[in-house]
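As written, the chain order gives the labels A, B, C and D, with residue 1 at the start of each chain.
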Amino acid sequence: MSHNSFGHLFRVTTWGESHGPAIGCVVDGCPSRIAITAEEIQKDLDRRRPGQSKFTTQRREPDQISILSGVFEDPETGDQVTTGTSIGLMIQNTDQRSKDYGDIAERYRPGHADYTYDEKYGIRDYRGGGRSSARETAMRVAAGAIARKVVPDIIIRGALVQMGPHKINRANWDWNEVNNNPFFCPDKEAASLWADYLEDIRKKGSSIGAVIEVVASNVPAGLGAPIYAKLDQDLASAMMSINAVKGVEIGNGFEAACLTGEENADEMRMGPDGKPVFGSNNAGGVLGGISSGEDVVVRFAVKPTSSILTPRRSITRSGEEVDVMTKGRHDPCVGIRAIPVGEAMMACVLADHTLLHRAQQGG
Amino acid sequence: MSHNSFGHLFRVTTWGESHGPAIGCVVDGCPSRIAITAEEIQKDLDRRRPGQSKFTTQRREPDQISILSGVFEDPETGDQVTTGTSIGLMIQNTDQRSKDYGDIAERYRPGHADYTYDEKYGIRDYRGGGRSSARETAMRVAAGAIARKVVPDIIIRGALVQMGPHKINRANWDWNEVNNNPFFCPDKEAASLWADYLEDIRKKGSSIGAVIEVVASNVPAGLGAPIYAKLDQDLASAMMSINAVKGVEIGNGFEAACLTGEENADEMRMGPDGKPVFGSNNAGGVLGGISSGEDVVVRFAVKPTSSILTPRRSITRSGEEVDVMTKGRHDPCVGIRAIPVGEAMMACVLADHTLLHRAQQGG
Amino acid sequence: MSHNSFGHLFRVTTWGESHGPAIGCVVDGCPSRIAITAEEIQKDLDRRRPGQSKFTTQRREPDQISILSGVFEDPETGDQVTTGTSIGLMIQNTDQRSKDYGDIAERYRPGHADYTYDEKYGIRDYRGGGRSSARETAMRVAAGAIARKVVPDIIIRGALVQMGPHKINRANWDWNEVNNNPFFCPDKEAASLWADYLEDIRKKGSSIGAVIEVVASNVPAGLGAPIYAKLDQDLASAMMSINAVKGVEIGNGFEAACLTGEENADEMRMGPDGKPVFGSNNAGGVLGGISSGEDVVVRFAVKPTSSILTPRRSITRSGEEVDVMTKGRHDPCVGIRAIPVGEAMMACVLADHTLLHRAQQGG
Amino acid sequence: MSHNSFGHLFRVTTWGESHGPAIGCVVDGCPSRIAITAEEIQKDLDRRRPGQSKFTTQRREPDQISILSGVFEDPETGDQVTTGTSIGLMIQNTDQRSKDYGDIAERYRPGHADYTYDEKYGIRDYRGGGRSSARETAMRVAAGAIARKVVPDIIIRGALVQMGPHKINRANWDWNEVNNNPFFCPDKEAASLWADYLEDIRKKGSSIGAVIEVVASNVPAGLGAPIYAKLDQDLASAMMSINAVKGVEIGNGFEAACLTGEENADEMRMGPDGKPVFGSNNAGGVLGGISSGEDVVVRFAVKPTSSILTPRRSITRSGEEVDVMTKGRHDPCVGIRAIPVGEAMMACVLADHTLLHRAQQGG
């Protein structure tokens, strides 16, 4: 049992605080002879990196990844490959501005984990959110880059499908649009509207929530387990472990509550290649905890960051009533940067279940 | 790693198929000297038992629980108490009507796990859903009855808050109403409307989805962990592992995506007893993965059962295209019986995290 | 984390006390479509069963195993096979003579776990040793019978190689002799001498320790892991978890401490079939935690049972000084019945590592 | 399940190869507000460091530890204390002489894990033993230093009790002598003889095995678990996971096999302070898997290093027969440096079981 690990066989253990000397993780259980370079991991990290548009925090986090163990040059191919041993990854923290943290140390920011950490541990590293900083998610993205290599045939893509009350028009969905706007939005029209909407939020020093959808295509049928360690259960666990996530759904999710059995059933027919095809995918690619071969679809809701310029009422560590305003460089919509993180968690869960599935196949 | 276990320290492992000789579970990690009787467990099981109204399946499942190990008479109190060793629980299956399963063996019921089990395992016990039957949840309820004893001060209650498209009016919420109607509905007016609505569904041999809310009150601050094994993460995992659940949310959940940081923040003030009080509970009692002392609130969506009288298109094991209709005694709204299960999972997660929390407290 | 489970992927969870209604276990992670019957399991159990000679306890334990879940008739072969779901196994306890346990309840038997259980839990089921009874090992043997089916090519055999101070002559080793004497002794001459020696011990109401050796042949190279979850580490853990075991060694074990590097090295040459052959097997088939293809050899020491007729000084639960003598039907050399248990644990560890190994092989 | 982690709740995950850029570990589950500094960890590491006498390898490994996360200044005491989050530790590798590894890459050194790694993974980092290097044990010592702080009242000490065939005289045991000789030997006379004996071994470029004893005093009764996760089982697992260990025993260990029940029983009496006292400690402080309050005593056998100057017959990766001689700076008796490692593993196991024990105590 670990408080800082995720996964059954493809297992990621993270460490590090926002303003400590470094953050890192250990990836255990990765099969050997998988080609991987720091550059490939860096590419995924760069998608998550802040400061890429005015809509994400202006902190400078170059987030330069180092692979410290678990790889070696393949004598046959010359590629750097995994050796099957634990992979140590690290990012040095560089943007640790020296400043006075006196206020944060004492004041509990509403919506943050300040109070609960103090209640649990009696102490906390308050600098920049410490362990609770979204900075920890950089290591998820790094581990996810390796996970993708474990399941190279699976395509994992994420998109922002709702910003505040504004949903995309699904008829406009175009994966190619996702990288054409600063929101990872698949609907060109929505992206355009969101730009104005979010600029307004940003200027006010406010923040807004969002919904992210992550889709895995080309997932083989048979991943998962029937009762616990269900594929959808592990996905729910993975997504809910991301900072600020308050809800997770698979396939049509909460919409399923409104449907009749007739409406909700995904009918089956034989496809031209002798494989079953489903007429719909309300199930989101998971039946009874096991993948069906359809796209695995998960959505999660991210709350607005609690770091806002408008003062909120709160208390101090010693019980004094105060107003708290969070100055600094914050994301007006943290959901944007959660997309690479959601993709990474999907990759980790699918890599993990791929290994579990192999374990149970006859020799 | 187990495919049939749940929990870190308070750990439940279930076994058994719908139409096998028995179902059971092992509860590991329960502290010693906790008074528990089969009657107490039975009481919780009876709330989940089918056949209690016309709105749940008419199968007869007396579900008589036996405690086979892990308890002993306390020499001081004379009570039957836990001994700290593994608790074996079992229910004999009695209502196994002998019948011809030939059809079910071959035909994949849409929305069920028939196809995915076959893809994964190459074989399945198709009688009554086998391992995927909701019957497995009886053991969750049994384990949950023990879990409640581990956290006796915490009050755990569940309610049906939405049936199909019909939500309750939260202004009418009255916990006392929950046991006055066959739906565990806290809104008397809604319950009355639902009776007609569901009767119509039932008569048509159709089915409908639902949303369940489970609330834990009197939870101490400090339960949970910051990154993985977050309290809300484990609750999401727990609820998503229940059959037919497609979505989970904590506190205001998906609604948080629509809010600004100002709206979503739960402000704090000092209470009359020198303890912090929160002005709202959008967070659902969990901040940064750790309980805040506020009510822990989780909701989950249950899809309509796929066992309906209207034929749906499907295929057989051998690839033939067929129409499938599921005769038999089924629940028109399986969400109803999921309430005691959701409560039990909440109890298990809270018991588990209570033990984890104790572990980390100084000697 | 479970206090009553063993194994990583092939995972066994046991429950039950000596004099409760039943004992049982759950086997999780077993691949599907493995043919297994209760009769096959029973055969292994019968080798462990007491009362087969005058040298084992005369208790009647028919130990009739039931498979309660996880198996189904294969539609193609007609065999009963595993389905990939959790396998529930149970043995009803039948020989529970009603008697007065008052003495045992109060008096701490030296060498038994009476005192430590009370210190830990504040209560214990004292009837027949309760959870600490060797009876629990019946479920290990049952699980081991399934594990053997997971690794059908591996031959696992155990033998008693030392009784009290009397070791076998390894030059006489003959596996065929093992079933020709009541001691599982591979040395015919030693078995003959032991018969007289143990008869004397038995008549005096005394007891004696022993050393067991378990050998697995035809183990493929590559099972295990480099640092933790080493194959030899998991074997040490498995054997040390058996009641009364006080020491474990792999290959030449403690003898290695006396050797020089030149003496201890197992030299390698190419065999006629193009595979490496080792000139010796001091390593016991494990190098760096990973199997080498040589026989995996483990030995463990079993202490004499503390249940003897000669009174020993002890104390009561309430702190009174007393003399304790253990009447009843006990094994003069419990090591004898530990052999099928040691074999079973070897089978479980090898099945477990076989699954782990598969998980890490490329798709 | 992790291949690179140890412990249930106090959980250590290590990473790094001998000649990679760094080695490190993550300590998860450590309670908060435990004062710890890098200097304290360094002190333990320095005891293990090579090059301290002519009897250990002359490699330069300054082994400078860094604490990268999980600690913070206590606002009340000013001490650096744990925060309850994961503790990242790292040592930069500095003594990586650039040299030609061509030979090692191809030739399987007998007794080393070269062949088995290649069989398992198809690739290995052969530089200096890669992941299998004893260098990994530095991180165990570092984690052990933290573990000791979790159980500050327990005294953990190790000693070399046998070098090759030469055992100490237990009558001469003096813990104060342990730090007066380069062998951690508690018997002054034996240490003197060993100096000559080992000098001879060293000069010949040979190596010799050893036996280490680790003793934990002041362990409270009640640590451990009855069936699996037994205290002695976890100690066996811990010690057997150390490089080159081939045998583990608890208390009188294999000697118990030679004793009668009368001889082996540890009789109990009431002590002057109203607590039980044991007349002997054959059990090594563990009864039924649970600590008795007596000293916990574990011994383990370390084989001679296989790196010797005398050529041994072996094969190459491509199946050619060769003679292998291992030049370089090696320990003539690796058992010596295993003592701080054994102590650290004892500390980790006891810290882990202390946390587990707390978890099961009533609120």
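Observations on the model:
In the analysis below, a contact is a pair of C-beta atoms (placed from the backbone, for glycine too) under 8 Å apart; a residue touches a chain by one contact, two chains touch by 3 or more.
By chain, with names taken from UniProt: A, B, C, D = Chorismate synthase.
This structure is a prediction, so every number in the text was calculated from the model and none was measured.
Looking at the partners of chain A and chain B together, the chains they share are C, D.
With centres defined by CA atoms alone, the chain at the far end from chain C is A. Separating the CA-averaged centres of chain B and chain C is a span of 38 Å.
Computed from the mean C-alpha positions, the centre of chain C lies at a distance of 27 Å from the centre of chain D.
Look at where the CA atoms of chain A average out and do the same for chain C: the two points lie 45 Å apart.
Residue positions 1-5, 8-9, 14, 29, 32-33, 84-86, 120, 131, 226-227, 356 of chain B each touch two or more of the other chains.
By the touch rule above, chain D contacts chain A in their complex via residues 1-5, 8-9, 11, 13-17, 20-24, 26, 28-29, 32-33, 66, 68-70, 72, 74-75, 81, 83-88, 90, 105, 120-125, 130-131.
Across the interface of their complex, chain A is touched by residues 1, 9, 29, 31-33, 84-86, 226-227, 354-356, 358-363 of chain C. Listed in rising order, the residues of chain D touching chain C in the complex are 1-6, 8-9, 14, 108, 110-113, 115-117, 119-120, 131-132, 136, 162, 164-165, 201, 206-211, 221-230, 232-237, 239-241, 243, 246-270, 274, 276, 279, 282-284, 286-293, 301-308, 310, 312-315, 319, 321, 335, 356-357.
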